[in-house]
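By written order: A, B, C and D. Residues from 1 in each chain.
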Amino acid sequence: MQTLKAADLIYLFKSWKDLFAEQREFLIALDGKVGDSDLGITMSKSFAAAAEALEAEGEAAGIARLLRTAGATMARTAPSTMGTLTATGFLRASKAVEGRDALETADMAAFWRAYRDGVAERGKAKVGDKTLLDVLDPIATTLEAQASAGAPLSDALKAAADAAEQALEATKSMLAQHGKAAAFQEKTVGLQDAGATVGAFLIRRMADFVASR
Amino acid sequence: MQTLKAADLIYLFKSWKDLFAEQREFLIALDGKVGDSDLGITMSKSFAAAAEALEAEGEAAGIARLLRTAGATMARTAPSTMGTLTATGFLRASKAVEGRDALETADMAAFWRAYRDGVAERGKAKVGDKTLLDVLDPIATTLEAQASAGAPLSDALKAAADAAEQALEATKSMLAQHGKAAAFQEKTVGLQDAGATVGAFLIRRMADFVASR
Amino acid sequence: MKKFLNDPVNFVDEMLEGIYKAHPAVTHAAGDLRCLVTAKTRPGKVGIATGGGSGHLPTFLGFVGDGMLDGAAVGGVFQSPSAEQMYQVTKHIDQGAGVLYIYGNYTGDIINFDMAAELADLDGIAVRQVVGNDDVASSVVGEEHKRRGVAGIFFIYKTAGAAAAEGLSLDEVARLADKARLRTRTMGVALSSCVVPEIGHATFSIGEDEMEIGMGIHGEPGISRKKLAPADAVVDEMMGRIIAETDYKAGDDVAVLVNGLGGTPLEELYILFRRVSQLLEARGVTAKHVWVGEFATSMEMAGASISILHLDEELDRLVAAPANTPFFQHVAG
Amino acid sequence: MKKFLNDPVNFVDEMLEGIYKAHPAVTHAAGDLRCLVTAKTRPGKVGIATGGGSGHLPTFLGFVGDGMLDGAAVGGVFQSPSAEQMYQVTKHIDQGAGVLYIYGNYTGDIINFDMAAELADLDGIAVRQVVGNDDVASSVVGEEHKRRGVAGIFFIYKTAGAAAAEGLSLDEVARLADKARLRTRTMGVALSSCVVPEIGHATFSIGEDEMEIGMGIHGEPGISRKKLAPADAVVDEMMGRIIAETDYKAGDDVAVLVNGLGGTPLEELYILFRRVSQLLEARGVTAKHVWVGEFATSMEMAGASISILHLDEELDRLVAAPANTPFFQHVAG
């Protein structure tokens, strides 16, 4: 599969929903280390709600509309930091792919660039602050490079997922500057950032999903 | 020793103080079964205070005065049911032995009769209601019988202590009618009454004390 | 033992020192910290005294203040204050109109308040007594005189306090307090034990998934211990026992108190009240006055109780009246 | 998990249903239970909105009422409400004089309140924000903008609420709220964990004889974990940190809030306050207004916090003003 269509997007959200159902306890524990343990709950809840909403809306709505529904649903169901940032990401991605029926590598680069910019604007964090942004940025830049190089979507996404996981690993050595973790600067060193983990999960599952179809 | 004098009374209260210090945890546990676990605390505290007060007052005050001090001290330091009843008992005993320098068997019978009557009046319980009164009554009646028979004090107290322990055993089959235990009627069957246990302790230690001197 | 404590022996007195510093509206009489009295007695008003063991805040002493009580004798944790302390409080708060004692039905307290009343009588102070016995779980119908007094005493305080503030006579205040007593029922449930500071460990043990229906506020065993049920089912059982022995009719008004025992979050108390309100509504009964919070605790015990006062016209008026005490404020609607 | 619960998923909504039944003085807007607003808005008055996660009762929603707040957006347990809910509350409570947001410094809440403010702005509603950051333990001096908001937000509510009730303008209410914010410091200590209903087990574990100084009200780790010390020593450490970064002088007045985190008996809070008062007296500082009780909880967490507001003349006036909300009443002295 070298493009992602509206019908695929609905399945992708189902797959994300399963992913976060599986990772619920892991994320609760991870967020519990320097946070408030809610990440597993908010992510599983919000992706479940989004998947359902997309299913109900149906592929006829088109990609942009589906992404908007996903974002709006998530904003309502999980207004935690990551919930709202993720919602913002999908809302911005929706605008970025307005009018597209099938996403190719260049569209996917636009998708994630908008996602990243939305998160950056809303959260006011910088790259290196040990947040979600630290994986979103390499995802966006890798996809841009892959698009310039003419890579097919599955290869491009695989490269982006690899970059994201590297970037996630790199968050371990950073000091948290935002969110509940910020108060525990030194204690956060050695731990991977919880929100960044969610970002890496998202792109890896998207890559696997596209590769498998 | 066939009479109890003021100096002895001061030692007896010390001995009672030690007794209730030793039995503290046991009485906490016993009162905890169908009560509020405070009996070990109130008894150890009140006898400690009384022993100290008697020591401070000194033998010159005389028996009646010492007993009054004991009662008044206990009323102040441990105003729980048993604390107040025990205080009432000593206050009434004080009146009953007014003017006596040395207590013989007949005086001891008067002591415990007054003690029993005071508890009965204040607590409004009847014999058989599973209270302290169930051991006070045989103590008083046994001592009266021993006095009529001309028994020496140590024999009389031993007989009273034996009767008290039998009576205590008999409280096991009774249903509690008063105090915190009353709400748990059936559950109290099989358990010896906590207040009656204190009564049996008191007379047994008094008998041993008199026998040992 | 997870407590903020210095020497456990000083628990009550240090608590009282804190209370006097925090609340200039109360002070102590007879040079004894444990004789807590209002700082402003009102000449000619019937005095109302209470007393009982510590460990139940805001009960008992927390309700001394405007529109409520005038004094409280303060005992050790879960222990009666002494007759002497009750007597000192009585003497201090008597304003010539006599004093009403309101306290819970516990042998230790009764014996001591009886003694105090005798002493006050020798001074020519008229004393009347109303002994709270609202705990449905602690004895059967017909044996109500054996029942423990628990959180429902709040309604007796509120009624009597408002009546005394209106300037009614001792007989009248006592009559109204007794009416509130007769029309109040409480059921409690405990999820965990309290810890008495001087004892230092749990008063009783209870399984991680168990509850005890009807447990007393000193940890006295209740009616039945069972698996913790959903909140609604717990309320259904508690309310079932209250309703079985009352005669609420459609159109009647009640006052409701959902009381936390110390360790239960307020959120959960509102989940319980929600169900109480559904059950009352289903019978056409209106919860006209509602209080949800901690009123009679058992240190850190997790658990709750439901108290219901069956209102009539005069009780309604008195319950609605304003009150302002260090631990309880009510702005009349 | 020892909780009075039905389905944990319905925890917040059932709690709210209970609250609406118990307290007719509050209602909800936009058909959403979680948009709690006062039943009587006052034309021309600056509206004050708050919001935040559930599990902290009486914070946040409990302070909606006369002399305090006008609305609260209610989140899931320890989770921010949505921007949409904040926006709906804003629309409902705006009386033409604009709306002040007062909430705690948590990224989730900030992001959502920012979104709501943007939406309100599109409607022409003037919005100002004051973000509580009183928790001394959560960041060093110089990095106060990183500090969490905890129980001290009560003083911001009280100040702003009284200012709005006086009819002051949005700018003025915001200025005073911000002044209260800048002059408030809080230190907390936790003895046991809370349990989030949907998680079902303790958020963190802590030894039977340990305490954590500076722990956050969602169980965020604190500054140091150590053996539980005597109450006075715990207060000395907490107050030491507060005093180190304030400039209380002899003759100054402060307002003090000793707050229970949910599972600590009120008796113990007064033992803590006793020591606070000794330390203040030793510096010649007067605790002019004192509140002791539960104001910002963390479900059933055992623990306490001490908040101090350094008063000046206008803060004194506003803190002393009357208030009457379902969870907080203050009768002006």
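Quick note on the criterion: a contact is a pair of C-beta atoms (placed from the backbone, for glycine too) under 8 Å apart; a residue touches a chain by one contact, two chains touch by 3 or more.
The structure presented is a predicted model; accordingly, all values stated were derived computationally and were not measured.
Chemist: From chain B, what is the lowest number of touch steps before chain D is reached?
Modeler: When the steps are counted carefully, the minimum from chain B to chain D is 2.
Chemist: Where the centres are mean C-alpha positions, what is the separation of chain A from chain B, in Å?
Modeler: Roughly 77 Å separates the two chain centres.
Chemist: What whole-number Å value describes the gap between the mean CA coordinates of chain C and chain D?
Modeler: 29
Chemist: Counting only Cα atoms for the centres, state how far chain A is from chain D in Å.
Modeler: 33
Chemist: Chain C: which residues touch two or more other chains?
Modeler: Expected reply: no residues.
Chemist: Name the residues of chain A that each touch 2 or more other chains.
Modeler: In chain A, no residue touches two or more other chains.
Chemist: Would you identify the shape of the chain contact graph, picking one of line, ring, star, complete or other?
Modeler: Graph shape, chains as nodes and touching pairs as edges: a line.
Chemist: Give the pairs of chains that touch; include all such pairs.
Modeler: Those chain pairs satisfying the definition are A-D, B-C, C-D.
Chemist: Could you please specify the touching residues of chain C with respect to chain B in the complex?
Modeler: The touching residues are 75, 78-85, 106-108, 111-112, 114-115, 137-139, 146-148, 196, 198-199, 203-204, 216, 218-221.
Chemist: Under the stated contact criterion, what part of chain D meets chain C in this complex?
Modeler: Going by the criterion above, the answer is residues 2-7, 11, 14-19, 21-23, 54-55, 57-58, 191-192, 208, 228, 230-232, 234, 262-274, 277, 287, 290, 292-294, 297, 299-300, 302, 304, 324, 327, 329-331.
Chemist: Within the complex, which stretch of chain A touches chain D?
Modeler: For chain A paired with chain D, touching residues are 28, 32, 34-38, 41-42, 75-76, 78-81, 83-85, 122-123, 178-180, 182-184, 187.
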